[in-house]
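The chains carry the letters A, B, C and D, assigned in the order they are written, with residues numbered from 1 in each.
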Amino acid sequence: MEILIPLAILPVAGFIACYFVHNRKAQYIISLSAAVVHLACSYLIFAEIIIPAESDLFRFDALSRLFLLILSHVYFWILLVSYSYLNRPAMVKEEKSKKFFFAMLNIYLLANTLALISNHLGIFWVASEMTTLSVAPLIYYYRDKESLEAMWKYLFLVSVGIAFAFIGFLFLALSAGKTVLEGQQLLVSLFTLHAKQLNPIWLKASFIFVFVGLSTKIGIAPMHTGDIDATSNSPSPIAALMAGSLRGTALLGVLRVYQIMAPTSTAAFARSIMIIGGLVSLFAAFVFMFKVNNYKRMIAYSSVEHLGLITLGIGTGGIAFFGAMLHTVFNSLTKVVLFLNAGNIHKAYRSREIDSVWNVLQNMPWTGWLFMLGFFAVIAMPPFGIFFSELMILQGLLSRPLLLAAVLFLLFFIFVGMSRNVFRMLYSNSPNNHAAAIDDKFEITHFTSLVLLILLVILGITMPPQLHSVITQISKDFGILL
Amino acid sequence: MALRILQGLLPFLFILGLSPLLVGLINKQKALLTGRTGAPIWQPYYELIRLSRKETIYAKTASFVSRLAPVVVFSAVLIAGFMLPVGYTRPLLSFNGDIVVFAYLLGLARFFQIIGAMDIGSSFEGMGAAREATFAVFAEPIYFFTIGSLAFVSGYTSLYEIYLSIRLDNPSSLVFIIVSSISAFFLMVTECSRMPVDDPNTHLELTMIHEVMILDNSGVDLFLYQYSSYIKIMIYGIYEVLFFNPFGMQNQWLGFSLFIVLLLLLSTIVAWVETMIARLKMKNVPQYLLFATAIGILDLLIYTFVK
Amino acid sequence: MDYLFLIGCSLFIIGAIASVLIQPVRKALSFFVLINTLAAAINLIFAIKRLIELPQVSNLFPVFPQYASMFRADGLALFFLLIITTAAIPTVISTYSYLKHYIHKETSVRVFIISFSLLLLFTQLLVFANHGIVFLVFWELMTLTAYLGMLLEKEKEEVQKGSFVFFTATHLATFFLYIFFFLLNDNCGSWLFSDFHISSASGTVFYLVCLFGFLGFGMKAGFMPMHFWLPWAHPIAPAALSAFLSGVIIKTGIYGIFRIIEFCSPLPVWMGLVILTVSLFSAVFGVWYALAQHDIKELLAYHSIENIGIIGIGIGLGVIGITNSIQPLVWLGFGGALFHTFNHAIFKSLLFLGSGVICHNYKTRNIEKMGGIVHHAPWFVGFFLIGSIAISGIPPLNGFMSEFLIFKGFFNGAAALGEYYPLLMLLMTAGLAFVGGLALMCFTKINSIMFLGTERSRLDSFKVSRTDHTAMGILAFLCIFFGIFPQSILGIISSAVTLSRNELDMHPYAMFTRWEFLTVIFAGVLLIVMVMIIWKKFSTKQRISDAWGCGYTPQTPRMQYTASSYADEINSIASHTLQIKKHAILPKTMFPKKSNFVSHSEDFSEKRIAAPVYNYIVSKINSFDFLSKTDIRFYISLMLVIAVIYSIIAIIWP
Amino acid sequence: MENVLSILFCLTLLYLVITARLKTYVGILRAQGILLSVIIIFPFLRHLSVHILIIPLMSLIVKAVIIPRFINKIIIDLDVKRIIEPNIQPFNFLLLSVASMSVIFIMSHVLSGYTPIETIPFASAFSAIVIGLLLIIFREKLIVHVVGFLILENGIFLFGTSIAAEMPTIVELGALLDILVVVFLMGIAVNKISSTFTEQKVTVLGGLKD
């Protein structure tokens, strides 16, 4: 339990401190230190240097460890850049929301951590509801019409979704009727142990509800809309945070239930549902890539695409599952790069419309090139990691030729649509031929993106043994032998 | 070996020496057929000598290309002449696949003649060059349909051996030979720019092909051009004639004399055709050539299925 | 000595890094040129050395034994390394003067330098890849770096569009290759090329593998009708890049096709016939389209399609040879194809570099506006002329030699196979001759219109830098050299074919004809030319005067024959199939007014296949507008609906 | 006894469907809160202890006191029109809800054959969920959406008790807290919206689209 001190108690302390301290720099330092400690711990746990004691409320199996690392990693980088982000000249309205920025981030960290390490689905539920609550005010950062609408939609939709998920969990409890688990707590470890005895009907029902409910948070079409609005209207660090870690947290919930179902006869059903979900989200991304005229929304759709691929991979199983796990890692890192640079572009051009952004490559070289590289990374160009993970997923799909064909078709046209938009931003000539006077110094966001891109390359080319072993462990937990 | 080389050189000398005579013959016979006395058969020699003496005039717009072109044309045609077996003496240059080299050497000549013509930038010569190039596109396949088809059925790829392989005992091959010689005749007419494709002695620029291309050449250049055109006629004449000479391989001398006779006969035919047939419209020439090609294909079909 | 290649590769990387660090950019440029030339030279030596001493496949990077299995240096790879490096050296040299024009755009130049040196590196590593994933990685990296290189003039609309088309088309090709490699891996249970073997015994999979392989690589190589991206990509790329693009990169497609033949052996005969047909189709229509172009680079791009077609014909012959196990035919086919690949790399780079120089002096690519360059830069024109002769397959230059091999292949195949093959082969021969004729016409056209005659549009000075002369000179020399001494490379080609087919030594087949005769002939031609030139110089007196105007006052530039009118003679024959559009204002009245004639062609596979499909899909997308509702109640009801649907699935689930 | 309460619960739902006044909504919320907290006391009646009473008390306070008051406050502050104009015929809405309720009852009866569930609480919980959603789908006022969401939550709460899924106290409290905060946030949002936009209807929230 003492492991919770750095992971959970520290953020709480951070929250309280940030709540009372009003100096922004102090807030920043406090939260940053919390984040650093958190990162360190989660890495130590990940590398199994610390092996925390399992309790029945919290567990640190491979899955949690992986997602925990992703979370604290993304969180750390976001926190790093957010100070300079807050110091940017802004409207008066924003100043109000800046007060609670770091406090809310601390809550966010706490909530996500709890959700990730929870072994009790009830706790998971409470925590993930908490993540929504913590992120909602941050979405409302700009305090304008759009962000208000986005916040409302996100809050409402996700709350309803999470309520659905809760119904799903209750069904899970229901499925334990007439078995040794009768009247037991909703402990994942326990349920996985006796999964064979669970009642298949309720299992299916619970999976449906959990999947549909959490889809609002993961961004699986057609429940992706609230997510899109939120990510596209929140400030870019928050958007990056959501795309990078929040979606992962929600995905974990689905994975937990799937983990319980994996050994049972209903696994096939769950898998096909996930494949359908993934395909639908790919399709949605494909459709909207051509409609979208707002680059932040475009990036959001690209993460809909990638989460779709991930669920598809999980559903397919085999090597694809492995690929999907890898994909979650790479995708979250890439999204951070993209959103941060998109934020810079937004700052410079004061618009989110693709048409009103032009010749970024010329006007702001650093941001432009980093954005371009991030884009290459996200469309699975080597040597960036996503290429390899996507290759694995596609390879796994080989057993379902038609599905593979469909996926490749969608992927190709998503690629076309996205690259068309991105290139138009990057080097279309200015509508009214005057060069923009934009200063684009090398700042911390660029540093972050650079580091993350290098990290992506390194992870992609030299698969670190810890990562490999952890993912293999996960696949073993899900009964997939590679 | 020395004898071999000597033997190889003879036909070369034959081509070099007698090609103007062949042209002279043709013109003479043409004149007779049209009821004129006509120039003496040695006329081409006189003209060549005259040209070689004259001074060479270059246009202001001419570049090194038009200085280079006639030379290249001449030498290419000359070397091509090395490969033909004149009356079944083994040519000096005879090896596997020389039929391709033969065709492409003439291609080299054509290339330089065209750019030489375009060098001046005169619209007339452009006209001629365009036509030359266009017709060449259709002429090339004909070559492969005639001699090439022989090569395919005989399995040899050297002109000498191909001609040696001709037997007239088999009736189907007789048909084969005759038909392909017809399209070969078309080819000759085109390549040497005679009637009905081109009129060697018209003097309206708009209607000429070969003559208009050398409009701006004079003196030595013109000499080279004329000479190489004579050689070309000779070459194609031989190329045509050798189809009908079964006796070559039995008896050297009989073969040779028959070869001469056939050559004379060919000159008569050319003359006769030129008097009888009017020039084609320029835009009909491709059809005419395609017709020749079609004959070639038909011919090969016949042979393949009769065999 | 085995470290040679490693050194070369590391030099490329050093060049890339240094070009970022070195200030000012001008220095960086010179450094880049030097070091990359050096590196390419080293790798060239490596390739030749390996090819001559017929190595067994051995470790390429002695320092990293763990990657030993990832790379493989077999004959084919080595030969392609030879091609790449041969083309690389002059192109790199020429970039020096080319980039001088852009030196004010520092970032763009640096980016170009980096991406170009990386492109060189990745292309070389690609051909050595022995592992499916590694191959794909380098394949994509090659595309990526080439794409980045194209962005040198990214402010131009056409560059943006063209590079985009290139990017997407190659990505599509890559998707086909994904499936290709997945299937192979699935079947052979390994990613290593050396383990890839699949025979028609394994049924449908075999044909699928072939299909996707040919789709992927064929698209890269630019076989018709998958060529539509080529005329987009080549014109807009910087000269050096488009030289490399069309000289080498599309050849990686050919490399891939050789690999397919290696993996899927034996290919059925009909496949060989299909390859032959498609290739002939590409050759004929490629050159015919080229004839209709007036944009010099686009024209050259279409010529690449033609030459790819010729190479394909060779490959087809080889395949037929394999299936009927006729070694001479295999040798002639593959040897011819490889030789032509090599030659094309040489003369196409030469021509593209030349076009680059021209485009810089005239600020246009439209040949109708040029003319009379020969009076400014005779040497330059001479080099370009040599390239043109070579590409038209006319002796005594290398282009003819490779076509000669293929011709021999026809005759040989016909003789060896009998039955109806003579007929087929004859048709092929005639077709190839036809292509030759068209090529001749096309290149006489561009040479005459661009260089000869008088200037159509005013041109004060035509600057050709020393480096350009060097680069083009090297290439021109190679054209002549391999034309007159083909023996010098035939041995290497034999060993390439041998190594790649792991069969007995094929040297004897190199001797199927007396090459010395060819040498004699061409030497003879040159000799006579020399002699006569000298004779002309000294014997006769010369005079300069006006051109023969036949009745009217001397020439004006506008009187000259234009490219459109030159090509019209033949294009009018095929104007329907090629979609050639003519716009003519012809003089009608007795006193003619302003009259002109222009013609241009539309590419069928772009206008009839690619664009319609794309537009159809994009238009279909608009029928999903109902998805983009904004009302939250719609979302929630959607959620309910989805839940219900899933439950229904659950209920009917077996 | 539980069944009786559950039936009462269903009646509140039906009343919810037919009514058209916001005040009534708040009243119904309060009533449901009381009902639920009574329901969850029942299992504990046998062995009563302070420790066990925490949850029912908390839920009573939250569901029956704080939340209704809060919503009332919002309604008064923003003086929302008291009458809600439905965009579906009240009769059809009633029909729809009754139909879905009956379907749910039948379904749960069928299901109870396989698995140990008390039909009536189960069914009524589910109909609460469904009617909550229907309320959200067929009403325009945002405040009504909030109410609908609360009804949904109540349904889940009842559901949880009906299948006797024990949650640790901490989780239960957490859940209550979450709901409270959600409603709080939603209230603030509605406030903001009414100050930013012309009226508090979902129809005004149409700014974000592609």
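Here is the rule we use: a residue touches a chain if its C-beta (ideal position, glycine included) is under 8 Å from a C-beta of that chain, and two chains touch if they have at least 3 such contacts.
As the structure is a computational prediction, the values presented were derived from the model and not from experiment.
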(message) If you apply the touch rule, which chains end up adjacent to both chain A and chain C?
(response) D
(message) By raw count of C-beta pairs in contact, what's the busiest chain pair here?
(response) B-C
(request) Using mean C-alpha positions as chain centres, tell me how far chain B is from chain C in Å, no decimals. (result) 36
(request) Could you please state the distance in Å, as a whole number, between where the Cα atoms of chain B are centred and where those of chain D are centred? (result) 102
(message) From the mean C-alpha coordinate of chain A to that of chain B, what's the distance rounded to whole Å?
(response) 79
(request) Could you please state the distance in Å, as a whole number, between where the Cα atoms of chain C are centred and where those of chain D are centred? (result) 70
(request) For chain A, write out the residues touching at least two other chains, lowest number first. (result) 152-153, 156, 160, 288, 291
(request) Would you give the residues of chain B that are in contact with at least 2 other chains, written as numbers and ranges? (result) none
(message) Can you list every residue of chain C that touches 2 or more other chains, as numbers and ranges?
(response) 628, 632, 636
(request) Return all touching chain pairs. (result) A-C, A-D, B-C, C-D
(request) Would you pull the chain A residues touching chain C in the complex into a rising list? (result) 152-153, 156-157, 160-161, 164, 204-205, 208-209, 211-212, 216, 222-223, 225-226, 269, 272-273, 284, 286-288, 290-291, 359, 361-362, 365, 376, 381-383, 387-388, 391, 394-395, 398, 404, 408, 411-413, 415-416, 419-420, 423, 427-429
(message) So in the complex, the part of chain D that touches chain A is made up of which residues?
(response) 111, 114-117, 129, 133, 136, 142, 145, 149, 152-153, 156, 159-160, 163-168, 170-171, 174-175, 178, 181-182, 185-186, 189, 192-193, 196-197, 205, 207-208, 210
(request) Please give the residue numbers of chain D that touch chain C in the complex, ascending. (result) 133, 136-138, 145, 202-203, 205-210
(message) Going by the contact rule set out above, which residues of chain B touch chain C in the complex?
(response) 52, 55-65, 67-68, 71-72, 74-76, 78-79, 82, 93, 95-98, 100-101, 103-105, 107-108, 110-111, 114-115, 118-124, 126-127, 129-131, 133-134, 136-141, 143-145, 148-149, 151-153, 155, 157, 205, 215-216, 219-220, 224, 286, 293, 296-297, 300-301, 304
(message) Taking the touch rule as given, give the residues of chain A at its contact with chain D in the complex, in rising order.
(response) 57, 120, 122-123, 125-126, 129-130, 133, 136-137, 140, 145-146, 148-153, 155-156, 159-160, 163, 166-167, 170, 173-175, 177-178, 183, 185-186, 199, 201-202, 229, 232-233, 288, 291-294, 297
